[in-house]
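In the two assemblies presented below, chain A is common to both, partnered first by chain B and then by chain C.
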Partner chain A sequence: MAAQKGKREGFRQVLAASVFILPNILGFAVFTAGPVLYSFVMSFTNESVLRTVPFRFVGFENYLSILGDKTFWLYFVNTVYFMLGIPVSILLSLGLAVLLNQKLKGILAFRTLLYLPTFVAGVAVLLLWKNLFNPEHGAINAFLDWAGQSLGMSGYELPRWLSSTKNIFGLDVESVGFNPKQLGIGAREAILLMGLIGGMGGGNMLLYLAALTNVPEELLEAAQLDGASPWKRFWKVTWPQLAPTTFLIVVLSVIGGFQGGFESARILTGGGPSGTTTTLAYYIYQKAFQEYQIGYASAVAWFLFAIIFTLTLINWKIGAKQEAI
Partner chain B sequence: MKWLFLGAIAAMCVASVGMLRWTPEETNDRRTPLVYVTGENPLRRSQAALFESMYPQSRIVMDPANGDAQKIVVQSLAGVGPDLFDNSGASGLEAYVNSGIAWDVTDELARRGIDVTKQTFPGAQGSAVYKGRTYGVPMQMNVEAIFYNKDVFDEAGIPYPKEELDWDELIALAKRLTVRDARGRVTRYGFSIAPREWLTMSAGFGGTLYKDGGRRSAVDGPGVRKSVQLIHDLIHVHKVCPSPSEASSMANVGGFSGSGRLLATGKYAMEYAGRYNLLNWREIPGLRLGIIPLPSGPLRRYTTMISISVLVNKLSPRREQALDYLTYLASPEYGKLVQEASDGVAPFFDKASFAGVKIKYDDEVSLPLWKTIAERTQPPDLSPYIAAEATMRIWGRHFDQVVLGTKEPAKATADAAREIDEQIRQNVEREPYLRKLWNEGAKG
Partner chain C sequence: MKPRFILGLATFAVLAAISLLGLFPFIWSFLTSFKPLSEVENPNPVPKVWQPQNYREVMDTVPFVRYYANSLFLAGWTTVLQCGTSAMAAFAFARMKWPGRDAVFRMYLGTMMIPGVVTMIPSFQMMIHLKLLDTYSGLIIPAAFSAFGTFLLRQFMLSIPSALDEAAVIDGASPGVLFWDVILPLARPGLITLAIFTFLGNYGSFFWPLLLIKTDYMRTLPVGLMYFNDKNGPQTNLIMAATMMSIVPPLLIYMLGQKYLVRGIQIGAVKG
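Then we have the complex of A and B:
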């Protein structure tokens, strides 16, 4: 009798829980899982919006085409290039979080001010950057020119930023390789710099700030009593305590990095000059919505997912190992 | 807590039902609403108002937020598309036709006495006519010419160009008008033309995008090479024309008023621009402009990329009423509105006179000039084997380098042609229906 009552109670609880999560599950199924599944199936077809293209299953043809798609690999390099700023950006957000974790008068105001830019619309920020990078009248080149003249330099050439294909690694424009003529500073560095500054504040800083407030005071006090310097206290006590947060931020940044670059390409550069600021996310858009190759674009999206998934697994493995140590 | 959550869900359900039941008050407006996806251009409102006065049984509901082709296609296929929508080019039309959205209105228009292929300029038809069938009516024919600032010519003591120049004469004139400061920096460019106009210029030299029925790219042909070389030389050899980054650096205001301002303030002596710029220039006190055609090469042709047509959604339940709007676009009343507003020129030119139109510049009323320019236009060619956007994406990667001065035009055109051909080969190899088309064409 009691067992039956318990069962009934359990069923009621499951029912109540189901009612609560149903709206979310439905939304997820219709707006996320459904399209994801659809795109997976489409990646094995030649699906196109154009009705003149007879629909057919192509097996792994799209995936094999990606391997030989020179454009894909050029844009893959661009995508990775823009992720080079991630470590520096993480360090900078940690630095900011440490500064904002000080017990100072009015620290709340500083925290608010530094988080405020997150609320500004992305398009507005990009337009601001566009003006800053203006090679003739932009603030960045004005500063560089002033610095050059102050140091008594002459005959230097200021970067053309968004209108140059040059880059600090001398990556070629038309193939994945080195071209000494491309050495310099150009659009890729402009996007890199934007990502670096943009990633400094905001979410990462907030995560670090939350993690820093959770570092046990007694550990820090004990280290101080033992005569540890501020740097040693940070390096030996605080930093290890931040490991799970750092791990989370690295994973999220890598995922975000592979998915990024769409806004800047769409609004700022159109993916140019010469495709140097086109990332895989923008390439998927071009293939799906400009060339109407939904099947191929889906395959690129799933290929990208496979890369992200593999890297995240590697991250997890490394993270788990470090936690074990 | 459980009751709190349940209460919240119940409240949301009640609110949703309430919202569903609460519909805006019925109006007595019995006119048929026609949803029209068009741009933010303020002129569209006055154009719609004129339509509503001529066709009182219909009213236009503007929808400027859903202008992207993919949105129109997806919404239409889902049954919630607009009744009318703008299309601005040949490649867009191809996509609308092939996705089954554009309604073939050839016969319907013929019954109303309209034949787009005979009554409009060739350049205007690219966005309306596909494979000999008519899918829309051109609402605006973008015509461009070289506008020059008369004050700059007076200051330099150079007589106004009265007749059409050839490219050598134009470059020589631009050199005389270009001014540099003591450090050698240009303070006034003699001429400004957007690099993308290579396509406009190429038709004059016989340049096309494809050859052999679209089987092969023709961007490495002499026509395109000549026009690309001209763009390159204007910027990098003669240095009389700003590069895009120099142009954007000089413009203190973005948008389409920016470039116009540079001509008005004398930063450019001459500028190749659309007639629609007169909308802004008319408002600048004291500005005196002259107009001459762009050199049109030995063949006296231009390729035009921009002509806007209005298409009817094939899946719309109100498509018969929407046809009225297309009829209206071919009317003299609409044509006069376009001429007066400088929104390009009226595509049905013979029906739209300049008589009684309030315009400011003497040269603007020169009917033969705009007519000559419009008559020389032709739409860009298409290939069934490759999407126009794919061609332009590949081409853009090479052409950008020409504009930056890091690649020679001959090499850029050759490399681009090779890459486009390779893409065509892959497409044909991959798609059986393209292979069939290819083989049929080869037999033919």
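Then we have the complex of A and C:
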């Protein structure tokens, strides 16, 4: 009798649960799970909206062409290039969080001011930066010009920012390699700089700020009694305590970095000059929605996912090892 | 006491300088938006002649009010639907027992790692087949469901003590009553956080409307802004006026929603 009642109760619970989950799971199936499976299948086909050749399954052909696709690797390098800002951005947000963590009256007002640019970020803010980077009348070159004149320098060239293929590593334009003529400052540096300044007070800073408040006071006091300098206290006590947060930020930044660059490419540069700011996300967009090569674009998207997945796994492995120590 | 005071003062000075650096693009552009075109190339940021008509001119050149309405409509509906579906699913994940629950939840989490571009292509083709190109439904429906929202609210609901449910069930409350009268009010901070970020994300969403919308008056603000910039690029003062107008709603939300933001970002960032 009791068992039967329990069974009926269980059935009712399952029924109620399915009512609650239904709208979400339907949407999930149609707009996430379905498309994921579909695009995976498409990545093994020659599907094209234009249908100049009959539709067929091509096996791993798309994936093999990616390996030999020179443009793909150029854009891969671009994508990684933009991720070089990650360590700098981590240091910046950590530094700001440490400053904000001082116990001073009214200091939290700065948190509001610093987070604001991240909060309103989007197409509008990209347009603001585009204006700042204008080589003729933008604020940045106006400032550099003024600074140079005040220092009595002359005969130097101001960066052409978003319209220049130059970069600090001297990466070549048409092929993956070094070319001394390309040494300088150009579009990629502009986008890096924008990312650093626009993102320094963002989510990473808030994460560090939360983690800093959790560092045990006793540890810091004990270190102070032992005569450790503030610098030493930070690197020997605080920094190790922040390791899980740093790890999380690295993982999220790498995932985000490989998927990033679409908006800045579309709004600021059109992916140029000469493709130097085209990232993999923008490449997929071009292949799928401008060249209509659905099959190939899907393969690139999955290839990108494979890269992200592998790196995330490696990150977790390293992270787990560090926690063991 | 004295060195401490100096150190504090230095901290404030550094923070003020860095905040100013972060806000500089906004200040500069705000001033530019009031300049006449002839002054745009003048490196002095303060206009000699203030020309608020720039804002008027933007309104006259493009259907800017319509873009506003489109974006607010899209963001509003997406927020309502996403919060609703996410809260219901989160309730089922956090407060109910059913076979396969944890497996389904893991699948939700797993898909959050898949880049958006992977699902973008098939979703777009689906919209073509459903004849939803250039419609509000096409913009809103795919954005009405979110694994992330479900995850966020589930975290909130898990932190509500289960003794409350038990008490309510003993009093004879049905799951519907439990959800509506007990759990939802307690999960309010989470809901507000999710609402703010969903609203903001969809107000600023660019990729999907860019693909889906073909006619001018259906454009959302970010897409409208982009085309406005493509067409009137050299008229920097007008571009900046348009930009300034479009960041007003996020600014308002930011000022009103302060309390909920920090907490939400911290939970949100730990989604992995």
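Keep in mind that, in the parts below, the second predicted complex is superposed on the first by the 294 of 325 C-alpha atoms of A that agree within 3 Å, B and C clash if a C-alpha of one lies under 4 Å from a C-alpha of the other, contacts with A are read in each partner's own complex, and residues count from 1 in each chain.
Just so it is clear, contacts are C-beta pairs under 8 Å (C-beta built on N, C-alpha and C of every residue); 3 or more make two chains touch, one makes a residue touch a chain.
If you're wondering where the values come from, they're calculated on a predicted model, not measured in any experiment.
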> Should the superposition on chain A be reported as showing a clash between chain B and chain C, or a fit?
Replying inline: clash
> Can A:181 be said to touch chain B (first), chain C (second), both, or neither?
Replying inline: first
>> Looking at A:21, would you say it contacts chain B, chain C, both, or neither? Reply first, second, both or neither.
In response: second
> Between chain B (first) and chain C (second), which does A:163 come into contact with in this model arrangement: first, second, both, or neither?
Replying inline: first
>> With both complexes superposed on chain A, which partner does A:321 reach: first (chain B), second (chain C), both or neither?
In response: neither
> Which holds for A:289: it touches chain B only (first), chain C only (second), both, or neither?
Replying inline: both
>> With both complexes overlaid on chain A, does A:53 touch chain B (first), chain C (second), both or neither?
In response: first
>> For A:137 in the superposed arrangement: first (chain B), second (chain C), both or neither?
In response: both
> Who wins on chain A residues touched, chain B or chain C?
Replying inline: C
> When you line up both complexes on chain A, which piece of chain C, out of 127-135, 199-207 or 253-261, runs into chain B?
Replying inline: 127-135
> Where on chain A do the contacts from chain B and from chain C line up?
Replying inline: 16, 20, 23, 134, 136-137, 288-289
> For chain C, which residues count as touching chain A in their complex?
Replying inline: 8, 11-12, 14-16, 18-19, 21-26, 28-29, 32, 40-43, 45, 84-86, 88-89, 91-93, 96-99, 101, 104, 107-108, 111, 113-126, 141-142, 144-145, 147, 150, 174-176, 179, 200, 204, 206-207, 210-211, 221-223, 225-226, 229, 236, 239-240, 243, 246-247, 250-251, 254, 258, 261-262, 265-266, 268-270, 272
>> Can you tell me which positions in chain B touch chain A when the two form their complex?
In response: 2, 5-6, 9, 68-70, 73-74, 95, 98-100, 243-246, 248-250, 387, 389-390, 393, 396-398, 400-401, 403-404, 406, 415, 426, 430-433
> In the complex of these two chains, what residues of chain A are touching chain C?
Replying inline: 13-14, 16-18, 20-21, 23-28, 30-36, 38-39, 42, 96, 99-100, 102, 104, 107, 110-117, 119-125, 127-132, 134, 136-137, 139, 142, 145-146, 197-198, 200-201, 203, 206-207, 210, 248, 251-252, 255, 258-259, 262-263, 266-267, 281, 284-285, 288-289, 294, 297-298, 301-302, 304-305, 308-309, 312
>> Going by the contact rule set out above, which residues of chain A touch chain B in the complex?
In response: 16, 19-20, 23, 46, 49-54, 56, 58, 61, 65, 134-137, 160, 162-165, 173-174, 181, 272-275, 286, 288-293
